[in-house]
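Below, each structure is written out as structure tokens.
Next, two complexes with subunit A in common: one pairs it with subunit B, the other with subunit C.
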Partner chain A sequence: MPLSPAELDAIALTLALAAVTTALLLLLGTPLAWWLSRQRGSLGAFIEALVALPLILPPTVLGFYLLLLLAPDTPVGRLWQQVTGTQLAFSFSALVIGSVLYSLPFVVQPLQAAFTRVPAGLLQAAATLGANPADQFRSIVLPLCRRSFLVAASLGFAHTVGEFGVVLMIGGNIPGETQVLSIALYDHVETLRFAEAHRLAAGLVIFSVALLFALYRGAGTTPWRLRA
Partner chain B sequence: MSALHICLDHRAADGFRLAVDFSLPGTGVTALYGPSGSGKTTLLDCVAGLRTVRGGNIALGEQHWQDARRTLPAWQRGIGYVFQDARLFPHLSVRDNLLYGVARQPTGAPVQFDEAVAWLELGDLLQRQPDTLSAGQRQRVAIGRALLAAQRLVLLDEPLANLDYEATRQCLRGLKNIAGQHRLPMLYVSHDIEEVSELADHIALLEGGNLVGQGSLIDMCSRIDSRLAHEEQAAAIVSGTVARHDHAYGLSELGVAGQTLWVNQLHEDIGSARRVRIPARDVSLCRAKPEGTSILNVFRVTIAEIEDSGDARLLLRLALGDQFLLARITRKSATELRFAVGDEVFAQVKSAALLMEAL
Partner chain C sequence: MPLRHALLCLLLLATPCDAAQALRVAVAANFRATLESINAVYERETGQRVVLSSASTGVLATQILHGAPFDLFLSADSDAPARLAGARAGLREVPPACYAVGRLALAGGELAALADPDNSVALANPDTAPYGRAAMAVLARPEFAAGAARKLVRGNNTVQAYQFFAGGAVDLALVPLAIAPEGAALVPAHWHARLEQHALLLHDSAAARGYLNWLRSARVRSLITDAGYEPCP
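Let's turn to the complex of A and B:
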């Protein structure tokens, strides 16, 4: 039985959402993780706690507050309406904002851990050799943390594909606009179409297992070793 | 070349105070010598720009590296820095480590890639990764990397501290080759006087965060008022000219101020100069020319200075032409033999260590 057009839409939408979210997360999460890796004070600890919040909070809590924040009668919602001419809540953009916040720890934490492991002495050496901070980051930190970037991107992507609660709260269930895979699956179950539900559920399980397996298998092979 | 001016007054969190204000020559190798905890590394890090001490003033010639208005960041100072731990970049090959600084220089460097590779014997290592190298090999690569990046000054922080004997000799040979070229001034931090004797032209003595003296190495080594002369390892350095090789006995003759110093056989041509380190504790004195002694090296010297600090041993400075030896003898002997400044005596030298030569 081939996938229905609605299901294909949901898959495409899910992949697009995960891709955009992952790209934004790498862009925003890298400087945040770098900053956190250089902090030892309580401000750093507080920001770290905020970043980790989605790990323990029910997604619906995050989704609920985001819905309140992004609604058309809030300052954020009004500003969005003025600038883009469209409503923010229940749009693809709202999904992206929610996903970025919800998947933030999955990107920031592996990057922060990797940045912390880069010996400060190597960056000092690079500085004495004429590399400015941006150059040090590009030529030393990035290559040394390449694997962690891969891990961070994969976890961010996979976690976005798998989210449900936040999406349901701020995106609703609009086919082609906000109906992602997990919502489509929920829809099937609600309407007692178990065969279709099975197909989507099993697909998600296989995708997740394959991705995680590839990650963990690669973990053992590192092209270089850091010396103390 | 321009001199390096350093003026710092810094009190660390643990109460240690580094207070110095001095200039160092802008040529040759200058050793920053002192016991651990004397502030050598802090000083070097300030010169490098890896550490900023408030109110400090650092300038190389006309270029201000730190003053009241601004601090030039490390990456703009045109230096090379050799750390105690090599700090090679683990993801780059030896060749790429060596070239890291070269690519980031605004203008061409005083030292070319092929030269550094030859001086430091790195030719066979270029394709290797750092984690496959021995400690000595890593340090030689680190020296080469700093040297190739340096435009104006090379800083070295006890680069041989963690190496075994063989690796130390090999690194020293490389450093000696570099120093012999006189293209870049070097500031060399060490607490090992033998290392310093091999390399330095000039020495600055640090103690408890203060500069307690500086001058040419040869002068400072034999000066009785310098702290160097009172260390257990105290030794004078004399230079001589190769006069003759004695193949039958495996020895060579060095001419020192018209007298003869026997050393292990050398390979240099007759007429070339070599420096020799003679420890104060290996020099004994006789009133009359010793007869029937197994010691080969006996010099006619004049007592130039006697230092009697009330200890069991005295320190004497002996003039050998326009050079000097140091001798440490017991006060008992000195009293019984009535040694006085101006006396002509015979100095028996039990050991003389040849200092290394560059390529």
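Let's turn to the complex of A and C:
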């Protein structure tokens, strides 16, 4: 049984959402993780707590607040409408905003852990040789933390693919626009199409196992470690 | 910078696809299967694509209130469309119109089985689904008072309530006749508030009006009654 056009739409939409979310998360999460890795005080701990919130809060909490925040009659919704000419609530962009918040800890935490392990002495040595912060980041931090970037990107991508509650609440299950894979699967179950539901569910299981297996296998063979 | 190019491509990918031309219909869960089969006829004859989003009437109404971009709302009652039309000025031009009248049925036994407290009963969530409210009215009847201690299982919508029954998790289910299995017991219509299902035009366009007129045409009405609904007045 070939995949239906709606299912192909859902797959394309899911991959686009996960890719855009991961790209944004790497852009926003890297400076945030770096800043957090250099904090000792309570402000850092507080921000760290906020970043970790999506791990423990029910997705419905985030979905509920985003629904209220993004609706067309709110300041955010109105501003978006003026700037882009399109409506924010129940759009792909709303899903991206929700996903970035929801997958934030999955990208920030591995990066922060890796940045914390970068020895300050190396950076100071580079600075004495005239390397500016951008140079230091490119030639020391990036190579040292390459694996953590891979882990962060993979987890962010996978977690976005696996998202359900938030996208259901702020996306509204519209085929071709906000109906991602997990929602399409839910839709199949809700309409008693169990054969189609099995196919999507099995596909998601296989994808997730393959991705995590590749990650953990890679973790066993770290290319090189820093000697003290 | 290859990375920048890759990001640009991703953003381009992210723009919504061809769904703009398709009619977007929010439909109450009970009517979805019926609508899918009659939409197949419509799409074949007109070439107009119709995409469906289904949930309980209350869930859809909340989404619409928060700006969900549907062209048409097929509710399971007349209250939700009337409330939405009252809440948004632009929706008053075309008043909500009846497209089907629903009937409730009991799957899994005769009506008398509702008087037995050992029988668990599935129904749609009465807070969001009109059929759930109708089911609660039936269960509250004096002749079923003996079964008051029964276990009630609430589905998010009528289809999920039926699913609990079909999967063997409950003994009985009060669901729309249109999705009930063969041999289900028909619940007398006067036992609950009338389930007059209304359609509301949310986004005015020639395509949406054309579709709504087609939905209310004599030919489609007969398809709808064949599926387990009664004709509109």
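We adopt the following convention: the second predicted complex is superposed on the first by the 228 of 228 C-alpha atoms of A that agree within 3 Å, B and C clash if a C-alpha of one lies under 4 Å from a C-alpha of the other, contacts with A are read in each partner's own complex, and residues count from 1 in each chain.
Everything that follows uses one rule, which is that a residue touches a chain if its C-beta (ideal position, glycine included) is under 8 Å from a C-beta of that chain, and two chains touch if they have at least 3 such contacts.
Everything quoted here is computed from the prediction, not taken from an experiment.
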Partner chain in contact with A:Asn132 - subunit B first, subunit C second, else both or neither: first
First (subunit B), second (subunit C), both or neither touched by A:Glu177: second
If touched residues of subunit A are counted for subunit B and for subunit C, the larger one: C
Partner chain(s) touched by A:Ala71 [first = subunit B, second = subunit C, both, neither]: second
First, second, both or neither for A:Leu50, with subunit B first and subunit C second: neither
Which of subunit B and subunit C A:Leu8 touches, first, second, both or neither: neither
Subunit B versus subunit C as contact partner of A:Val96, first or second or both or neither: second
Touching partner for A:Ala210 - first (subunit B), second (subunit C), both, neither: neither
For the subunit A and subunit B complex, residues of the former touching the latter: 119, 121-122, 124-132, 135, 139-140, 143-144, 223-227
Contact footprint of subunit C on subunit A as seen in their complex: 6, 9, 12, 16-17, 19-20, 23, 67, 71-73, 77, 87, 89-92, 96, 172-177, 179, 187, 189-192
Subunit A-facing residues of subunit B, complex: 48-50, 73-81, 83, 85, 87, 89-91, 100-101, 104-105, 129-131, 145-146, 149, 155
Touching residues (chain side subunit C, partner subunit A) in the complex: 6-7, 10-11, 13-19, 22, 24, 29, 32-33, 51-55, 63, 66-70, 156-157, 159-160, 162-163, 166
